[in-house]
Structures are given as C-alpha cells and as structure tokens.
Amino acid sequence: MADKLLKLGIPAGSLQEATAELFRKAGYNIKFSSRSYFPSIDDDEIECLSIRAQEMARYVQQGILDAGITGHDWVVETGADVHEVCELVFSKVSRRPVRWVLAVPNDSDIKSVKDLEGKRIATEAVGLTKMYLEKHGVNADVEFSWGATEVKPPRLVDAIVEVTETGSSLRANNLRIVDEVLESTTRLIANKNAFEDDWKAQKLNNIALMLQSCLAAEGKVGLMLNVRRSDLQKVLEGLPALQQPTVSNLSDPDWVAINTILDESVVRAIIPALREAGATGIVEFPINKIID
Amino acid sequence: MADKLLKLGIPAGSLQEATAELFRKAGYNIKFSSRSYFPSIDDDEIECLSIRAQEMARYVQQGILDAGITGHDWVVETGADVHEVCELVFSKVSRRPVRWVLAVPNDSDIKSVKDLEGKRIATEAVGLTKMYLEKHGVNADVEFSWGATEVKPPRLVDAIVEVTETGSSLRANNLRIVDEVLESTTRLIANKNAFEDDWKAQKLNNIALMLQSCLAAEGKVGLMLNVRRSDLQKVLEGLPALQQPTVSNLSDPDWVAINTILDESVVRAIIPALREAGATGIVEFPINKIID
Amino acid sequence: MADKLLKLGIPAGSLQEATAELFRKAGYNIKFSSRSYFPSIDDDEIECLSIRAQEMARYVQQGILDAGITGHDWVVETGADVHEVCELVFSKVSRRPVRWVLAVPNDSDIKSVKDLEGKRIATEAVGLTKMYLEKHGVNADVEFSWGATEVKPPRLVDAIVEVTETGSSLRANNLRIVDEVLESTTRLIANKNAFEDDWKAQKLNNIALMLQSCLAAEGKVGLMLNVRRSDLQKVLEGLPALQQPTVSNLSDPDWVAINTILDESVVRAIIPALREAGATGIVEFPINKIID
Amino acid sequence: MADKLLKLGIPAGSLQEATAELFRKAGYNIKFSSRSYFPSIDDDEIECLSIRAQEMARYVQQGILDAGITGHDWVVETGADVHEVCELVFSKVSRRPVRWVLAVPNDSDIKSVKDLEGKRIATEAVGLTKMYLEKHGVNADVEFSWGATEVKPPRLVDAIVEVTETGSSLRANNLRIVDEVLESTTRLIANKNAFEDDWKAQKLNNIALMLQSCLAAEGKVGLMLNVRRSDLQKVLEGLPALQQPTVSNLSDPDWVAINTILDESVVRAIIPALREAGATGIVEFPINKIID
Amino acid sequence: MADKLLKLGIPAGSLQEATAELFRKAGYNIKFSSRSYFPSIDDDEIECLSIRAQEMARYVQQGILDAGITGHDWVVETGADVHEVCELVFSKVSRRPVRWVLAVPNDSDIKSVKDLEGKRIATEAVGLTKMYLEKHGVNADVEFSWGATEVKPPRLVDAIVEVTETGSSLRANNLRIVDEVLESTTRLIANKNAFEDDWKAQKLNNIALMLQSCLAAEGKVGLMLNVRRSDLQKVLEGLPALQQPTVSNLSDPDWVAINTILDESVVRAIIPALREAGATGIVEFPINKIID
Amino acid sequence: MADKLLKLGIPAGSLQEATAELFRKAGYNIKFSSRSYFPSIDDDEIECLSIRAQEMARYVQQGILDAGITGHDWVVETGADVHEVCELVFSKVSRRPVRWVLAVPNDSDIKSVKDLEGKRIATEAVGLTKMYLEKHGVNADVEFSWGATEVKPPRLVDAIVEVTETGSSLRANNLRIVDEVLESTTRLIANKNAFEDDWKAQKLNNIALMLQSCLAAEGKVGLMLNVRRSDLQKVLEGLPALQQPTVSNLSDPDWVAINTILDESVVRAIIPALREAGATGIVEFPINKIID
C-alpha cells in the first residue's frame, strides 16, 4: 500500500464542512471524529489529515502531506513552494472569492498605501502584509492580530489588512477600503515531488475532475421539452450556448425532444421565450454533476 | 430606469418565508434584511417592499406599489379595487386555502347567522364580518380582536369570525363552526393603472408563469421507463392524462422509452400496473418546474 | 370497508421517523399525533397503529394487526409465528443490519459461549439469549436489563447480550465481542391468516414493491451522456451491469444518448473512464425510485 | 364562593412571562395552559383570565373582569374609566417605562406636531394618536398599522406614533423623535364598582402590597457587618438612608452587629468606605422582598 | 479504604438530574461521565454507581451496592428485602408522589378491580400488578409493556396499570382511573447487612440528614423584621409555628428583631398582617437548608 | 473628565462572559455590543475596551489601556512590563488555574525537556516556549500553531506546549505530560505610570476589593443557629476558623444566636456535629460577597 496512498489535507475550521460537503457530492464520504485528526474516507487509497487552512501549505511543502485543500491567501502568506492542481471556483453567492484589503477609519487621512509610512497595522496575515508593503516601498509596523481585527482602528492601530467577502463587517465598524491586497479562492495544492509520481498525479487529477463537475453543476438545472421539428431551429436559437443541447427523435416523426442544461438564473427569462417559440411539456429537473 | 421598475410588495410575517421560497424556486433570489423593508432581489427591474399581508391591498390600490402578494381575504377586508393577476394554488397539504368561519361555543344556542342579532362578535377581520352580517340583514356588535380570538367565547363574546385551516384550534377551544364566511387563497394582485402599462403587465405575467410552473411541479415527479413497442399501447393506457407522455425511439428498434410527469400520490398505484403491463427499467426522478 | 382495510403496525420509537420517511418516499403520507396511537395515512384502505417494535410481532400474530414493520430480532425474541412479506434492505451506512452480540470485559476469562456456564448475563432480549444458551447447552442466569446494559460488566454481571451497529459503544466500555447471537434487519411481517386473503396479500405486495423501489434508489444516481455511435460499444463496456442502459437515437444520426443508473459510490471511478472513452455532455441527476 | 372571587386579567403576549414571574416572587403560582385562557393560580379566591394587554382595560371597565394588569398606554388608548390600584414600578433596566413617540425620517421637514397638518400617520395606537393631535389642534390622517410601523416612513407614511424603550429601533430605521406622546408604565387596574366591594378592595390592596414588595427588592441586597461600639456612629453615617439599619447587641458588649438593605449599585462604593470606617465581617446576601 | 467505602447507587434516567441536584444542594458534587457508570463524587468515602431506578433495589439487596436512591414502587415491584433509611419528601409541585393506578377506557364496563377477571392488562410493573390482583383474588393476563402503555386500551388491552402524577396523560387518552394500586415516593434504601455496620449506618444517616435539610428548605424563605417590644406578643401570635422565631435584642432597648422561617406560600397572607401588627423593616430572604 | 477616566481592558473570547459575570456580581453592569469594541459600563469613570486576552498586556504596557484583565500566561508570553494589581483566584472547579505543559505522544522517547534538542514543537505560546527552552539550554524548532495543537504529534511535530485544565484532552489524544511550563491564573494588571496616579490606583484597588469579595463568597454559605449559652463554647469549637462567628444576645437571656460563614463543602460535615452539640434552628442561607 505504501506507493498507493495519497496523504490529503482537509482544512479544519470554517472550510471543513464546505469541503466535506463538496467531497460528498463528488462521491467521497469523509467522516470526522472529535478525537482524531485523521478523518475517515471511503477510499482506501486516500488518507485524510485534518489541518488548519493556515498551516496546510507548510505541511504540503514539507512533504508531510501529498496534497491539500486551502486558500490561495495562505499559500502566499506562508510563501510555500507547492503545485496548484486546480482552482475550486464556487459559483454560489456565499462562496465568492475572499479579498484581503487594506482598511482604515472612514475619517482617516490615509488615502493610499503610501500614507502608511511609519504607521501601525494589525493583521492575521503578517507575511502577506509585509510583502505588500515591501512591493510599495513602505515602512510600517505590522503586528499580529489574534482576531476581531476590524474593531482595532483607530484606537489600537492606524490601519488593518483583513479578509472580507461583502465588506459589511468593515462598514459596520466605520472602516473604508483603501486598497485590495490579494484576492483569494480555494485551491487543491500538491507537493511538487508527489505530483511527479504518475499514480498520485492521476489520482489528484481525477479528484479535481469530480470536484469541478460538482461545482459546475451548482446553480444549474436540466430542462427537457418537446418541439415540432418545424419549430426546432427557433427553439434552439433561444437556448444559451452553455452546453450543446441533446435533440432526440420521438416515435412521432414530426416531433423531437430537447434536453439541455441551463443556469438557474436564466431559466426565468428563457422559459417564457421557449413557450412562445412552440415548446411544450417543458420540465425543469435538478442535476448533481456536469462534465462537458 | 423610471419606466422599467416594478414595485412589488412581499408579505411580511407568516407568509414571508413561503413567498421567498416560491420565488427562489422560480429563479428569483430575495434577501431580507432585519434593518430595512426593502428586501433585495436579483432582478434590476423589480423593487421589493416588505409589507404586512393585511395592508398590501391598500398600498397596491393607492399605487404606492405596482403589485403584491397577499391573501384574497385581506383584499376583501379592505375593499380594495385591484387587478388580480393570478391565483397561486398550492397543492401541498400545508398550503390549503384558509377559511374564515363563524364559530360559537359547542353548547351555544346560536345555530345560524340569523341568531347573531344583538350579539357580540370578536374578529381580526372587522370589515369582512360587517359585510357578512349586512348581507344577511343581521345587526350585531363587532369588536376588533388583537389575537387569541378563539379563547374568547363564551366569557368575553358570543361568537367569533376567525381564520382556520384544519379547524383543530377551534375544536380544542370547544367551538363549533356555524357558517363559512369566506374561503381565501394567495393572490398576485396589481394596481389597475400599472397593469395597463404593457411592460408591467408583461413582467407580471412572466412572474406569474414562473410561480405557477413551480406550484404545478409541487407534489409531482418524473417517470422514465422502457417498453417493447408491442406493449406500448397497453402501457400508455395505464398512464393518467396529466401531460402527454414523451415516447422516444431507442437504438434497438423493438423498444421505446417513455418519459412522463405524474402526481406523486398516484405513483404508488401506477407503478405496479406499469410493471404488470411490461414496463422495465422504471425510474422516478424529482422535478422543479413544469409548463404545459 | 370491513373487508378492505389493512391494519398496519408502524414501529414507535427509534424506527418511527425512518419508517415514516420511507413510506413518504414511497408515496404514503403518515402523520403522527402526540395524543393518539392511530397515525393518519393518506390511503383509506390502510389503518395505521403505532406500536413498539418489541411488541409488534406479538400483536401481528394475535391478529390485532394484519401486518407491521419490525426488526427480525424482535420476531425471534417473541417467538411469534408470522409471515415475512419482505426484508427491507437499507443500503445506507447508517442503516446497516444490527447485530446482537455476546460481549464480556476485555480482560474476562470468558472466551466462548461455553464459558458462560453458571454466569450472570444481562440483556434486553431475554428470550433470544435463552434460546442461544439452550442451543449451546449452557446454563446461566439471564436477567432483564432496563437499559445501559453495556456499563454493567464486570461489576453487576459477567456478560451481556446487546445490540450493536458499529461496536463503538462496546469498545468505549472496554467490552470484547465473544460471539454473534443474531444479525437482524427490518422486515414487513403479516399475520398468516391475513396473508391468505387475496386483497390483503396484493395490498401488502404492492406496499413492499414501493418500499423496495425507494430502498433500491438510495445511494444511486442517474447518468445521461451523449456518444458517437462509433464509440458506443467502448462506452457501454465501461458501465457496470446494474441496469440495462437505455440507448436512444438523436436527431444527428451519428450520435446516440445513453441514460443509465449507477451506484453513487462508483461514479467517481466511472466518469473519468467514460470521458476517456469519448462520452460528452455527461450529466448526473438524482433519482427517487427504481424498479427493474 | 360567588362573593369571594376576584376575576383578574393577566396580560397575554410579551408581558405574560414577566407578570407571572412577578406573581411567583410574590407567592402566587400562576400556570398557563396552551389550551385555555384560564391560567390556574394557587389561590381559590382568584380566577385568572389571560387577555391581551390592549383589550384589558375594555374588559375591566365592562366588569367582565374585576381587575387586571396592563400598561397605562392601553388604558388611555381605549379611554376606559377604571380605578388604578397601583403603579408597578420596575427598577431593572429592562423594565423601564415605555414611551410612545412621534417620529419622522431624519431628513423630514416635520419639526413639531404642528407640521403634521394634512399628513399621513401610521400607528398601532389610533385612539392615543387622535387625542394627541386634537390636543394640538392638528388635522391629519391616522391609519392603523398591523406592525413593523417603524419601516413605513417615508415611503408609506409621513410620520409614525410608535412605542420605544431605548430608541434603537427608531435610529436603525433613520427616524428622529419629534415629540413624546405618552410615557407609560404597568398598572394594576380595577373595575370601579368592584373596588367599592370591601373584600375585593382588601384583596387587591394585599396583592398590590406583595407585588410592590418584590419590585422594591429588585436590585437590592442585604448587608450584615460587625463593628466596635466606638466606631458605630462613623459606620452608620456611611450608610445611605434607604432603610433604618438594624443594630443588635452581640455577646461581646464592645461590639454590635448591623444589618441593612442597600441598592446593589451603591454597594461597590459603600463597602470600601465601611471597611475604612472599621466594619469587619462584611457579608452581602440576597433578598426577595422588602416592606418598609 | 476497604472498610470505609460506601457503595451508593444513583438512579440513571429521569431521576438522575433531580438526584444530582439534591446532592449538590446538600454539599456533594456528583459528576456524570458519558463513558462510565461510576459518577465521580467529591467524598472519598463514597463510590457512586449509576443504575436504573428499576434495578436499584435488586442490586442493593444482593449487596453489590450498600445503598441507593430509588422509588418505593420499584422496591415493591422487585420484592427486594432492603432497609429504608429515609423517605425523601419533596414539597415542590413537580415532585409530588407518583401513583400507580388501574385505568380503563372512559366507556369501559370495568368499574372495579373485580371486573378484571379474565381480562388483559398491560403494564411496566408486572410484579406490582400481579400482587395487586392476587390481593383482590382476581385472575387476569398481565403483559409487560415496553412503553406508551396509555395508548393501548381498548384496542390492544382491556386495562392498564400505569404511573401518573397529574392524570393528564390518562385523560388525554380517554382513560378513567378505577383504583389506586400504589402511591410511591423516592427513598434512600440500604442493604440490611451494610446498615448493621456502624460506620456505614452513621454515614447514611448523615447523608439523609443533609438531603432532608435541603428538602425541608424547598418552598421556604427567611423573614427578618423589627418590632417594638410592646408589639412583640402581637407579632409573634401572627407567625405560624413552623419553627420557633429567634428574637434578638437591638441596641435600642425598646426594639427587638425577629428572624424566622416561613412557607413561601403563606408569606403573601402573613406580611400584610405583620405590618398591621406593627412590624417594620420586613425583609424576606432565600435559604438553602433548615435543620430543626 | 480627562483625569478621572480609567481605561479598562475586558478580555474578549472565552474569558468575556466569566469576566462580565464577575463584574456584575461586584456591582458593575457591563454590556457588550456586537458592533463595537467599547462595551458600556454603568460607571462614568470607567471606559471599557474589549480586547483579546493574548493582546491585553501589550496594550496595557503601551498605555493605550490603564488596566486590564488577562491571564498571567499572556503577560509572560508577551514579556510585558506591567503592574499586577491582584490575582483573581476562583474557587470553583471550573475556574482552576490553567497549566501550560510540555506533552509528547505516550510512546515517545522524550522523557524530559533535555530530550527536545533538535526536535520540532508546536504551540500557541511561542514566546513562553522559547523562554522555557532557553532556561534549560535546549535548542529546538518552535512553530506557531493556529489551533488543534494536541492532534499534531507525532505526525506533524515531536512535542507540543499546550494549555490544559484537567488534562483530559491530552489523554484523549494519547499524549503524556513531560513537564509543567507555567501555571497561570487570571490577573488584574495596570500600566505602571497609570498606577502612580493616586486616583487611578485607588479606583483599581476598589475594583480589586469588590471582585475579590465576590470570589471569596463563591462556594461559601451563611449559617445561622441558636444555642443555649451553656452550649455556646462547645458549638463554637465545632466551627472552622474561616471567619469570626457573630454571637448575638437573644431576648431570652439563656440563649444566643450565632451567624457565621462556611465553605459549602464542609457544611455537610459540620451540621451533624453542630446539632449533636446542641444547636437548634439551623438555617443555611446564600451569600453574595464577603470582606473580612
């Protein structure tokens, strides 16, 4: 088994449930135990380790893990030299990319990164912040923040570098975004040596394919409908080009059936048009995965 | 944007979640904020306002809203002059029409509306109740009830006019239904002037189409099965006429595939019969929307 | 109605929700009331009674019930003489067969059932345990346990006969499994006289068919994909033989569509292979029921 | 029993729990049943009825109730002619008097009640609002609001008359308080005829005494301490005059013990001073009721 | 330690929390672990075992336990020969004695125990029921009920023997109480041999004293007040004789202080009378334990 | 107000609730808002700031805060030079001192700190750990752990320095304690300059006095009892010397009353003895604060 085991890091904390759910949809059943950092998985070729997202890249680089799921931000923060297998682009609103931003009080004099010279900055990402300041040739004190960073200015610090999705927590604390430091999404990363092993690379590519087929299906639905052969062209023109629609013959030679995949958000606009164009028996159905 | 904005009232309170869920299924994402009565919606042509069902018709009639979702009962109660775009008929048990009924204690002498002469009646729908009494030529005191109406007789009042779905709350309070005052379902209503605007009428009709396609799909499922061409007629006869089944050619010319939509409640009776008639590979699958 | 009424026992307690959910999927809506042991069901030909799994077989044998859902273990425990209509084999992990096992403290001298001679055994299944001892010709004291049986050895008793799914509760109490006494799954059982009535037998067989079609669909998904006619054979070879795939003609004569049902757990292995073999437009969709 | 029964209204809704808790502290055990509006009480001379605070005064005036607990605001709103037995002044922060205020959008032109002429006002207290407008000689439309009144300006109405404790909900909706319409606390009210009955008046006065002894004890604590007779005067001077401290002789004739009641909020200032003045063995203990 | 260890059974299940809370008030801190039936206690001379109330008497009689807390009903049911150290009489409403009663459907012909001849009875207390029937010379089938006994008549059995506190569950199932079979309270029981050991008897008596001092204090409060020496007699006459009031000299020789313990339920009647009789500075305070 | 304002840091996170509760008992009402790090306090001379315990000492040293509540461990970790006003010794089990310990896997070869040479250690207290290693002249890699430190050995690191109360989390992860690095309790710390200000020092000393009077009262109760003067000596000898008992004269010259404070945990042993010695009317009552 030695050669055929992939050591895979699963992020603990806020990403844990979303990751396990994505794997579950992809067909892998991961179970966490409160007493172990080895979650079980129903694939004998994988051994999972539960590790904080912040520490994932470090352990992947060191080879303690073959691969892991973590945010791009923490890869950059730790400066780890790892291979990125794929980006996991979530389409749902609640899974937008996160942004690390430089923020200051609304009424601060700081208008750009240049104004930070000699100031004090709190952040959970000290490495990231120092790289950013260096890139702009600015000298400032960067102190590690144990949390609740957004409540610190102006009393405790002059500025912060903090992660945000919608900016609402910043606004609620009367902070203004000065600059974006980094945009980050979730990634499947691998140890560079491990990825040179054919079996491990193939295994990781298959995992990536399945995870991405689930992500691709999020916010999408299937649509089946019937149409007279004479109306077919008009109906096909009304469908977006997301995926080639499947047109099949019905036993009545004057009719065909169409089966296609649509973004859930366009269905409300397309269905009235399809009906107008002659489609009948329109049925929308849920889907789990799509692979083009 | 002025001409292309539909001001739509979403009912606050008990109907809020059901309405938002129905819109979500129809492809519209409505989000409520605890600090605003302007829920956001992912359609730039719609502006939502969160308003109590009881007050909806009043504000639609006044033109403060172009349209709104509310119960037929509150349209009648307020006597508002509005256009009804469509009824939203829910098929699920928990979404039955509600009934406003005249109820009295089990051992009351009141046997019909005529016996209310000179009595005291508590209700949350004072207007509705007065119209009802007037129609029957009865004079009685109608007092507004702030709630818990069903516990008031006989100590505080002689009778009540109260809304009920299953009658269980009335029975639990030892009340007997004397008469039905009004049956009510949910409606999409529009301001009459607004509905004369072509763009708004078209927009409302499309919304109505999508909402109804979701309601039509509730309690329904898809069924796919294969059958020998020689058994086709027998199998088709066993299917209810809800929607024309789609019959498609398989690569084996002796077989065809059938795809159809059924009421979930008849599936348990139909599947054994279909199997008897020669159907194989029967698979039931969930659906989201249907438009005939 | 007298001849056309099936009296059906629904297990109260831990099996209640799972049973009601299975019936719901099968198209029967069972509703429990906190004040009655007659749950309602939306089938006028069935009258449900809510009865403890332990007592089900007794009341079915006596004819107070025509049929009921219970565990095989309790049928054996009570020694009831009933007809088994079908086994309800759940495929999900959380619904594995349960096992009644003989367990002793890790450091006990008891190595086999033979070592129980003269010992004291606690169990909730006194009948089952006595049968088991008798079969092995062993004399021992069997005392009824009101619960928490697994904490009793070694202080209160020498051994226990206890139900387990994963064995984790036994391990946590430092107990070792000596022998399996009985493996048990859920069954639909019928009174023998009742099952000789044609109408009741037919009704029970239909119920069994629907319940089993839902169980068969658990952990399975549908897969639809398109393939060039020239790649068809290669693709079909890559599909497991769970169910005959449906191959249908598309309007483009060079292509066919395939629709099939797969175990969710093999999808992750099959999709990469299908894609390799030329499949396009692969879509996985959820299903509710399958009947071969 | 007829002459010796006090019919007492207990407010349903938001005041119910606080009222029951106050009675419980006062030694009366009230129990609510979900199926009856007659809560039980462990005093055979009292019959409780659960009634909405808004309707309490109406039913007390009509004599359906002898007495009831409700807010002063609803007495005024309904214009009921009742006897006020006592005010129930809660000292805790969360039980401050409520205020009905006239509020308008922050950027409204309305600066005083005079500016309401011809405007539209939403409120749950239509009677109160009309009295207020009349007192100021202003004509305006007052419409009944079913709730969420504070979100209505400016879109739906020009101003509101709404109840508030801290004003935070108004601020959150960008509303500005223009005027206070009424400040209101909880009251024990009685029917005027009932209060002329000696037994009922005595009963109500005793209830009032007990309720007030509990309210008086809220936020207060007992303090016991020992002091040399020679330091007594100095120590006594350091104690606030809330209640005459009890000074008792100890067996050691040089020492006395002091026992007194203090506001919890002054203890933190007084204890350091007492200690300074020579007090020893200072112990603070909780109390339930005080009657001066 | 061997001779100085008391093995004490703590009831698992519904009595566990109440028992632990009573011990906690009495000064013993018992902690339960989900993985052990040996709860810890902060007294090195006691070893706790967590055991079902139904099985307690059996294990105390066998000497596996020196003593235990259980209901009198289960002592009778198991016919165990044990020493009763004390009854634990709870004064609170929610801790009333429980009653085992014979109950039948409201419309049953069974009017007394004599009418049970040849009938079928379900109960969780088979031993108790058989003793009861034997005492009345009645022959009937008694079957063990695994729970939900009160829903069984009339369909499954003719009568039940069931435990009840308020009778509300029986009424809700349309059952009528025919006879009381046994009234039961909680007891501290001891193994007879163990209680002959002086150390164990002394230990158990001390535990009993402390538990009872807490129970005695439930529903009681302390009252302190000052009174002129001349009014002393009148005030003392107004106090119930629960405990001799403590009258102490104040530094002002004309006044005395009274400190006494009262039932919480009489305070509401006594305080107005005390005040009338000249008492001042009346303060009610909570107490934890009383030992007369 | 400038000179008369104490800026006080309240720890956010796990200590927040316990700190607020302790202040509440001491007579200070602190309220947290989810939108601000300035909790309100009902003392105009104090301004609270909510700050993580880990960062408290840093900001107190810098003078951004005058004083703060934090653990001794974080003072050491940050090496901050601050004045310790008082230790806050909690007597309750759940508030025991915490210990930072060096722990390794049960089967590790590491037996003492000396064996750490060249090893890798994970910890949340990097400063503390480095000081500890330096003191012992050991060189090792210390890496910052973002949490879940106890699951890291042996796979990710060789040893950890981790905080523990009961050691149960370490045991559950199969770790063995090698050495104690630091024992820590909660402290009230002050900026050294601020503490030289008389007003601030006095204010902090008063706060310390009140907080400690509450802590001293935890787990203690009051006891009052009467005794014949002739039995007084015997009874007094049976009382522990925690606080001088108060002996007061009763109106009956043959009797005296005793009032004293006891540890709750000794009451169960003392009451039987007091009763034996002649005490009567023994009453235990709860207390809030004690200052000797």
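For reference, chains read A, B, C, D, E and F in written order, and residue numbers begin at 1 within each chain.
Note that a residue touches a chain if its C-beta (ideal position, glycine included) is under 8 Å from a C-beta of that chain, and two chains touch if they have at least 3 such contacts.
Source: prediction; values computed, not measured.
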Among the remaining chains, which ones contact both subunit C and subunit E?
none
Select the chain at the greatest separation from subunit F, using centres from the mean of Cα atoms.
B
At the place where copies subunit B and subunit C touch, is the share of residue numbers found on both sides over half (same) or under half (different)?
different
Between subunit B and subunit D, what's the gap in Å when you average each chain's C-alpha atoms?
43
Where the CA atoms of subunit A average out and where those of subunit B average out, how many Å apart are those spots?
38
Separation of mean Cα positions, subunit D and subunit A [Å, integer]:
54
I need the residues of subunit B touching at least two other chains; which ones are they?
248-249, 285-286
All pairs of touching chains, each written as two labels joined by a dash:
A-B, A-C, A-F, B-C, B-D, C-E, D-E, D-F, E-F
How about subunit F: which of its residues touch subunit E in the complex?
93, 221, 224, 226, 248-252, 257, 264-265, 267-268, 271-272, 275, 280-286
Parts of subunit F lying in touch with subunit A, wherever the complex brings them together:
12-13, 35-37, 49-52, 54-55, 59, 64, 145-148, 151-152, 155-156, 172-173
In the complex, subunit F residues that touch subunit D
26-29, 42, 206, 209-210, 213, 217, 222, 232, 243-244, 246-249, 256, 259, 261, 285-292
